[in-house]
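Across the two complexes that follow, chain A remains constant while its partner is chain B and subsequently chain C.
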Partner chain A sequence: MSGIQVQGSAVSRDVGLWEWFSNPETWTSERGILPSLLDTLTLCAGVMVVAIMIAVPLGASLAHKRKGEITATGVVNIGRALPTFAVAGLLVPISLRQGWGFEPWPIFIALTLLAIPPIYLNTYTAVRQSNSGAVEAARAMGFSERDVLFRVELALGAGLILAGIRIAAVQVVATEPIRAYLGGDGLGRYVRDGLGQNNQTLLIGGAILVAGLATATGLLMGLGERLVLPEGVRRLRVSQSRTV
Partner chain B sequence: MIPEILANRNPLLRWDWVVNEWDQIQEALLQHLQLTFLSVLYGLLLSAVLAAFALRYRWALSTVTATTGFLYTIPSVALFGLLVPYTGLSARTAIIALTSYTLLILVTNIVAGFRSVPASVIEAANGMGLSPRRRVLTVELPLALPYIITGLRIATVTTVGLVTVAAIIGQGGLGRLILDGLRRAFWTPMTVGASLSVLLALALDLLIFGAGAAATPWTRRVRR
Partner chain C sequence: MKKSSLLAIVLAVVVAILLAATACGDDDDDSGADGGAAPEGPTITIRGQDFSEAETIAEVYAQYLQAKGYDIEILTAAGFRAEAVDGIRNGDLDLIVDYIGGSQTELRPDEDTSASPDDVISVITPAYEEIGATVLDYSPAVDGDALVVRGDADAEKISDLVGKNFAFGASAQCYERPQCFIGYTAPDVYGIEFGEEKTIEFGPLLGEALKAEEVDAVVWNTTAPQIEAEGFKVLEDDKGLHPAQNIAPIINTETLDAYGDTLSSDLNALSAAISTEDLLQWNTETDINKRESDDVAAEWLEAESLT
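Presenting the complex of A and B:
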């Protein structure tokens, strides 16, 4: 290797879409699709773990205690009103001042704020609207409050909670590409470079990758739900989501 | 990107810039409003048609839901990117993409609204001799309004946020201030653009909520 750094997305405009996609270099080079994809997936997975750890316990415990009904809708409404790009942008100078750099905290926090509302809402709804007959029966059988929450309310609401996690994950994966405009890379860099260099191959190729990842995330997580949930709980989810 | 040392020195907000560049801020805010308004308006018109089909024909509902659901899943960065080769770096590109994102929310809520009208009310209207058109407009529509207003609020707030992303195709209203500030590591335009877009979303949400409450006075009686 000479001293010149090869930029993964420096592609001639004459290279066609198929040619670009079928070149192994496109995928495996240092700044290729696979490293970028891994970069994106790592960030999104981290965001989802943090969002789930915040939203599920909070939503479940508040709903179990029948508290925070107003907060539930408030959180969701305000969460929706926060433009992720604006939030991440506002966090960039703060992060720089702290010496944390452009990445990953601004986009990480902004995406976490995006992911929390759907998970929180669905967890809250799932626990709040769990079958009251089942809950009372469990109490009468001597279940502790803890067991009522974990073994009845959360168990019966698992479908709705997982659906909330899926919705959040799709939104996170779909929004993460703006990171390319916040001093980062990830899969969104191809669209950014395509627009910046007026290169349609990069632009369309990048857009297909980003859209494909979001679609795949939704489909795979939907499939995962079907595999994880017992038949009975799955049927519950359908009737529940109709009333929500 | 600008070296981080340089970036650190810039203050978050310089009021003299806000005063001097007031015209630019106003223009960005106006474009933001314009893109939001047009996208939601087109979205509402299109959704009304789609919802009418979905309510009339059973097969149409699943098709409409699947299609609008798929559109909703396409990341904004990708959709803007895919449209640019056809419609260029224009407001049209932004509006097409933004409109497509409003459809799922609006159609779902319009359908839910009309479904919520009790069958007895429809029978009563028929019994009173209302024509189907009058029944829909003067009985069903007002009763469906709370759902439609909710949909409109969500669609509008979501659109305000997505407009900022349209900055990547040279549109984007306040998003352009955000992107401009980030690119130059000069934080003032970014702070102004980001704060105003958050405030705009909250203000429009409140405005539509208020208008909805004023249009449906009978729903207020439920509250204690």
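Presenting the complex of A and C:
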């Protein structure tokens, strides 16, 4: 079979890392880095939206009512101990048999379970530990419970909540590449193909991309927090997180 | 005070782990010593590739040699062919068992492949000699590559897929092999255009994907038990792209020489005793009945009176 040109998605083992990265094809082709990155980011964004919609209201309302501290925290911590890969791996055959395909449900559910604990715990802590003087003062001024939660507890705890969201986002982005092993693609495809084809360029290049995306996510969201939070709340966060 | 108690705990854990590890080691030595007059020589390190059939094959060879009194170290199955060949090359492994056609695609990717095992052996024997290893007799057991479709697919041979726009699923390895994806799509071989190309981990997931109609054709192996169980069909390789894939033990030449002829004749006797049906039966046990490969191997060796 000599003389057949390597085609399809294969990259020759002789191509160096720099050569691979500097080839525009690597970035823009149909299965290139940019489409894969977009694929990964879309999934992660969806996961984060769902996780935030579940974890923030749950954590805030339970903490405000001082209810379910032990049960809810226990349940969330079990979620924390679940191996994401195993969860997604278990869900894939089920999803296939239901006719839902490889994606997105198995990986979506597994990543959501990964994202909920840090967001929930930070939200709970933020509301539970918000300055009791401020809360009492608000009540004395005739704030409704709803206003106490939204305008005092959540407002004061915003820094901690955003930090939880940032931690969850970094974890999700760093874990999402496992979907390449579950019939999907995304940015993890390079690591998978590199391992499968014994191709160091793809393997190391893919690892750099995944690590780079996780780092960038952490940095950008940290920057976003600085921009969004008022100076006073930002300072609060420092003293608050010391007590956590 | 606090520091020293922490240290004590750490020490206790370390000691416990060490004790557990040596306890396991003792077990292995005991079972190895049952063979009577033990052959003298270096420890033979063996590691299977990371899918169930290869794992069972490695267990069969390791347990067989262990019962004969050889000093065997069996490592946890890891990696695929490239890692196995690397292990032989750099001396981490003494014995691997590989599919001969696969070995050729790894070591001599540019040579023409052949459906005749002897032709393949004549290519890989010098290639393995170069990295200090000897290819022993191949087994009659074959686990060939197979392009598999659903039972109701309108195709009997691989060239029937031309113009069908089938969705194609295979492991990452397949996409860079002339005997796999490259051969299926190359205009001068099969010239098939697939509607979609999906990378799926080699193993039962391929069958799940085919059954769920996520893909229409997958590259699997002929001894996958799900093929019959799910009513899939293996397409005939009408252009002879797939090479012969008998299994054969490949051993570090220094290790082989240290033991002399007994080791090669022991291994050849075992290889001759394994049939394609055995591979299929092992895979049924591990993949369908979800049993551990070392148990399946031990049971088979006992049934064949090889231990």
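Methods note: the second predicted complex is superposed on the first by the 233 of 244 C-alpha atoms of A that agree within 3 Å, B and C clash if a C-alpha of one lies under 4 Å from a C-alpha of the other, contacts with A are read in each partner's own complex, and residues count from 1 in each chain.
Convention: a contact is a pair of C-beta atoms (placed from the backbone, for glycine too) under 8 Å apart; a residue touches a chain by one contact, two chains touch by 3 or more.
None of these values were measured; they are calculated from a predicted model.
Shared-chain residue A:44: touches no atom of chain B or chain C.
Once the two complexes are overlaid on the shared chain, A:185 sits against chain C while remaining clear of chain B.
Of the two partners, chain B and chain C, it is B that touches more residues of chain A. Look at A:193: by the touch rule set out above, it reaches chain C but stays clear of chain B. Contacts of A:77 after superposition: chain B is touched, whereas chain C is not reached. Contacts of A:111 after superposition on the shared chain: neither chain B nor chain C is touched.
By the touch criterion stated above, A:10 is placed in contact with chain C alone, chain B being left untouched.
Contacts of A:173 after superposition on the shared chain: chain B is touched, whereas chain C is not. Of the two partner chains placed around the shared chain by superposition, chain B and chain C are both touched by A:96. 92-93, 96-97, 101-102, 180-183, 192, 195 are the residues of chain A that lie in the contact sets of both chain B and chain C, per the superposition on chain A. On the chain B side of its complex with chain A, the touching residues are 1, 4, 7-8, 10, 12, 70, 73-82, 84-85, 154, 157-158, 160-162, 164-165, 167-169, 174-175, 178-179, 181-182, 187, 190-191, 193-195, 197-198, 201-202, 205. Across the complex, chain C is touched by residues 1-2, 4-10, 92-93, 96-97, 99, 101-102, 180-183, 185, 189, 192-193, 195-199 of chain A. Every residue of chain C that touches chain A in the complex is listed here, in rising order: 80, 82-83, 110-113, 171-173, 175-176, 178-179, 181-183, 185-186, 188-189, 197-201, 205, 208-209, 211-212, 214, 241. The residues of chain A lying in touch with chain B in their complex are 77-78, 80-87, 89-90, 92-93, 96-97, 101-102, 170, 173-175, 177-178, 180-183, 188, 191-192, 194-195, 200, 203-204, 206-208, 210-211, 214-215, 218.
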